[in-house]
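Lettered A, B, C and D in written order, each chain numbered from 1.
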Amino acid sequence: MSKRLPDRVAARILLGAASSAIAILALITVFIFREGLPVIIDRGPLSFIAGMRWAPSQGEYGLLPMIAGSAVVTAGALLLGLPLGIACAITLAEMAPPRARTVLKPTIELLAGIPSVVYGFIGMEVLVPFIRENPAFGGAGYSALAASVILAVMVLPTIVGISIDAIEAVPHSFREGSRALGATQWQTIAGVVLPAARSGIVAGVILGIGRAVGETMAVIMVAGNSVRMPHSLLDPVRTLTANIALEMGYASGAHAQALFATGIVLFIISLALNELAGRARRRRRVTQTVPEPTLTTAETRAELLGGDNAPPLGREHFA
Amino acid sequence: MSAPSADALQLPAAVADSVRATGLSIRYGTRVALQPTDLSIAAGTVHGIIGPAGSGKTSFLRTLNLMSVELDGAVADGSLLIGGAEVLAGGVVLRDPSALAQLRRRVGIVFATPQPLPRSIFENVAYGPRIAGVTDRAELDATVERSLRAAQLWDEVADRLSLMATRLSGGQQQRLCLARTLALNPSIVLLDEPCSGLDPISTARIEETLRTLKSRITFVLVTNSIYQAERVADDTSFFLMGERIETAPTAELFARASRQETQDYLNGRFG
Amino acid sequence: MSLTPHAQTARWIRPLATLLCVLAVPCCTSSRGKESERGGVVLAGSTSIQPFAEQWAEAYHGGRVTVQAGGSTAGIKAAHDGTADFGMSSRELHASEAEGLVQTVVARDGIAVIVHASNPIHQLSLAQLRAIYNGEISNWRALGGDDAPITVITREEGSGTRDTFQEIVMGARVEIASNALVTAYSGGLRKMVAEDRHAIGYVTFSQLDNRVHAIALDGILPTEVTIASRAYRLQRPFLFLTRGAATGSAAAFLTFVLSIEGQAIARAEGLAPVSAP
Amino acid sequence: MTAYTAAVAASPSPSRSPAPAPAPTPSPSPSKFASPRITQQFAQIALWSATALTIAILLFVIAFVMRRGLGSISWSFLAGSPRKSGAEGGIFPTIVSTLYVTIAAVAVATPLGLGAAIYLAEYTSEGWVSGIIRRGTESLAGIPSIIFGLFGFAFFVTTLGLGWSVLSGGLTLGAMILPTVIRTAEEALRAVPREYRHVARSLGATRWDAIRTVVLPVAAPGIMTGIVLGIARAVSETAAVIFTAGVALRIPTSLFDSARTMSVHFYTLTMEGISDSQAYGTAAVLVVTILLMNVVAYTLMHRFTRNLR
């Protein structure tokens, strides 16, 4: 008997473990803010976020070029990655034979596992010289364009994976209904399946954005890291993540604080994106399981999943 | 009124126990599954419960070992005595985990669909004793053989006890589940439509087991088949829409039910 | 050109590090205490000097020498409060910092301005270099080279190499143009220049190799000789700082560093030697 | 173009439309310019080429690294010590460092993640407690690794005084992979049929008994999948480790030693331009490791779903 944990003790311990994620989140918040908030308060939040100049040696900390950099690079990545990713998801979920799907889906998910430094390296070795030597582009090669392409490849698995799940969750009867009315496969996909899977796909896209905004190493290796508002895709840019990783090495005092403050901005953006993705996902859960109300309490859950094998239905059963 | 204590349940389970429900009602959230019901089941009998889907019979059955309350989120009121021990008294229900575990060992249950655990035949039957703390291999061997014999399965599986239980046929699986319950030496066994999907031979074997063992074990048999109730039940209750309509010795109920609803049901008007 | 493994990357170590090691890591504290008792020598400060200091420490047979990084500012502080026998600084001290410290130049580190090996430009004036980095000159043609935009590459804010470049080339008021590419690695910078025919950058002298060529500034090429003689202006001193003159085992180590053998090590690692006092 | 359109549209339609009268079907088509059949074929071609391109990119990434990197891999590369900052010699210390840091991360994330998953799946109903925990886990999963790096540096390295060490790196990575472990483990637990729990409970098992003896064994491969994916993430991470485990290029001898993982080593070789061939070799080792991890995870997942029939 001794090896058996009393049930209630187990529950306590497990609750402790379950709280760990919250505790870590709280610790992260506390430490990032403790290190970074002083400099934001000192310079004023507005001039920190909307400031155009980043010159730590002169005590100037304006983050706008980096915010713009992150935005441009992410937008570029979406522009390239989104059509590709969704097309890929549609093909695998709707058109590919099951055999092909079982091989291809994990293969694409594999892309997500490859270290970001490897992507960055390939960017440096292949993409940057290509952009530099190609007369259509030109410039130094280290550019928002290079970063966007690398990021597009990196967010593909996220978009594909979650979109496939969303598309597969669309009830089969939707498709049959549409095909029965004489619609082609593509008409069914565009007119019925995609709209039904929309919020799930949106969640995948937002998570993809989150990954692009948060990526550090691959971007630092190919983006050029100039602190300047980008005017074209061929301009070098510095993202928020790159700003931190680039200057952490020697920074001290207010400079180090400003890097943590950069982290605060990044942290808030990430949480906001995550919240958006969460909402999209929750909306999907509600819309796609219409017959069931959301399972909130133990009672209602029991009522639905019930003890009875044939759930008691009440009087209407006899009507 | 105080909650029933664990000590009250520490009786040797060698003899069949009686069930006595007084004003027992069950609801899930706001939905009432069983109106306040009085029902006594004598020790050492097979008690059949019949009625259409939604009549509250399964809710009643799963409340006898408090699984409905603990696992399905049901709220039970009234009182319930198992072999004279209170497990539910004036709406206060037994909550202590080890007391509940004791209760389940005394009051076994067989579910509607066969639910073998994903392990070997031997380990399925030995599961209950092992959880209860039995480690002696010889004792486990003896228990497994005795239980499988009691459930009339031993001859079919004696030479392949290490086979995955999921590889057995449906009828064999259900008998295995019965054996698994018997391994704990229960005083009451609850059967929730145990033969609903089974072949006639397995059904016959299970019914045979009930007849053999009823001197030592009280069986409460929820069944969709009025013929099964007629074949094996000593007494039978008819439930309808969350109410117990009537209870009578089986032969009497089938010959001349006192209530119109019962007659309608037995005549196949609904359900 | 070969730096010790630790050196290439130890730049992550921030000024806090010294303090941290001393305060937080118990083994560090105890070993440090023991070092002093046993007469060991402790060096702390500039991450630029650290790899060379480790070379010296390895070659020195007069006792144990421990090298901790943490940055020049931390090194100056360590010298002031005596937590280290030598503070290491790779920049000139401000007047307020210098007070009460004896500064010994143990080597000089030149900063070479580099361009692609095929670049026809071989010399620039400091003013031209400043104009390039400031963005006033943005095409090689203006300097007599190809008609191609200049790819300006600089180190990141906080880098000691950048600080020196800023101070000597740009001066207090002129800034490096914001469109310059930024990297945190001198080896990486050299690679970027080696791969881009129109790039310009600057690296520590020891990083020079034949994939790039150095620019003569105001007619003077960076060489061991011109750096040692201070004729090549874009350079920084490597300073050992002590509170008062070094004594005992510390003095013995300093003597070794400045000896012919010690300076030979510095030369082998790409630094310009200083003549023994 | 028009002739082609007509031909393609006309030829298959008689066989496909046995309807007696050409009743105009109300078309849900979004396209108004081409016939549905043309759009269908066009879409099919476009979608398949997009998929082909995606697969091609993946193959290119792997092939590029392998072709240039596999040549550098030899026994002395894997088991040898680096010389000249890694420009020559092997990468053995970085392999050991990766192993140590990853083990530390898994040692942190597994008990916490599994405990959290059991709590969420078995011990609580959907209420505000689980809502908060789930929301927190989701948020943690979305935080960029560089933030974990900053946090690990401020908390483990500085405040707790662990310095740049295997321990700091492991704890940081443990925090980072925790959501992955929680989510996968919870999914695995939830996939275990409810009936198994009921059977166990009906046989006298307490809730914890049922979890320990029935639910966990069945869910084990699924849980392992999560852990393996977490390991893969830890191995490939750079930004979070470089600020916490440091960059010392030697075999760490204690939890408090600084360590340079393979990813960080690769990053350093690349960014310092130390040696391309060494960098490619390290990249190949990294990618092979990640490939193996994914194969293991996939195999485990396959076994798990088979277990559940």
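Miscellaneous remarks
Keep this in mind: contacts are C-beta pairs under 8 Å (C-beta built on N, C-alpha and C of every residue); 3 or more make two chains touch, one makes a residue touch a chain.
These numbers were taken from a predicted model, which means no experiment stands behind them.
With contact taken as defined at the outset, chain C and chain D are each touched by A. Note on connectivity: the fewest steps through touching chains from chain A to chain C is 1. Taking the mean of all protein Cα atoms as the centre, the chain whose own Cα mean lies nearest is D.
More C-beta pairs touch across the A-D interface than across any other pair of chains.
Centroid analysis (C-alpha atoms only) places B farthest from chain C. If you average the Cα atoms of chain A and of chain D, the two centres end up 14 Å apart. Centroid to centroid, with C-alpha atoms defining each point, chain B and chain D lie 47 Å apart. Inter-chain centre distance (chain A to chain B, centres taken as mean C-alpha positions): 51 Å. Rounded to a whole number, the gap between the C-alpha centres of chain B and chain C is 84 angstrom. Contact with two or more other chains is made by residues 12, 16, 183-184 of chain C. Residues of chain B found to touch two or more other chains are 67, 71, 73, 97, 111, 113. Residue positions 125, 206-207, 209, 242-243, 270-271 of chain D are each in touch with at least two other chains. If touching chains are joined by edges, the resulting network of the protein chains shown has some other shape, matching none of path, cycle, star or complete graph.
Under the contact rule defined at the top, the touching pairs of chains are A-B, A-C, A-D, B-D, C-D.
The part of chain D that touches chain B in the complex is made up of residues 125, 195-207, 209, 213-214, 217-218, 307, 309. Of all residues in chain B, only 65, 67, 70-71, 73, 97-98, 100-102, 104-105, 108-109, 111, 113, 115, 117-118, 127-128, 130-132, 166, 177, 180-181, 184 touch chain D in the complex they form. Across the complex, chain A meets chain C through its residues 54-57, 65, 129, 132, 139-142, 220, 224-228, 235-236, 238, 245-252, 255-256. Residues of chain C touching chain D in their complex: 2-10, 12-13, 16, 20-21, 23-25, 27-28, 183-188, 190-191, 194.
Within the complex formed with chain A, the chain D residues making contact are 25-30, 36-37, 39-40, 43-44, 46-48, 50-51, 53-55, 57-58, 61-62, 64-65, 111-116, 118-120, 123, 125-127, 129, 132-133, 135-151, 153-155, 159, 175, 178-179, 182, 194, 206-209, 212, 229, 232-233, 235-239, 242-243, 263, 266-267, 270-271, 279, 283, 286-287, 290-291, 293-294, 298.
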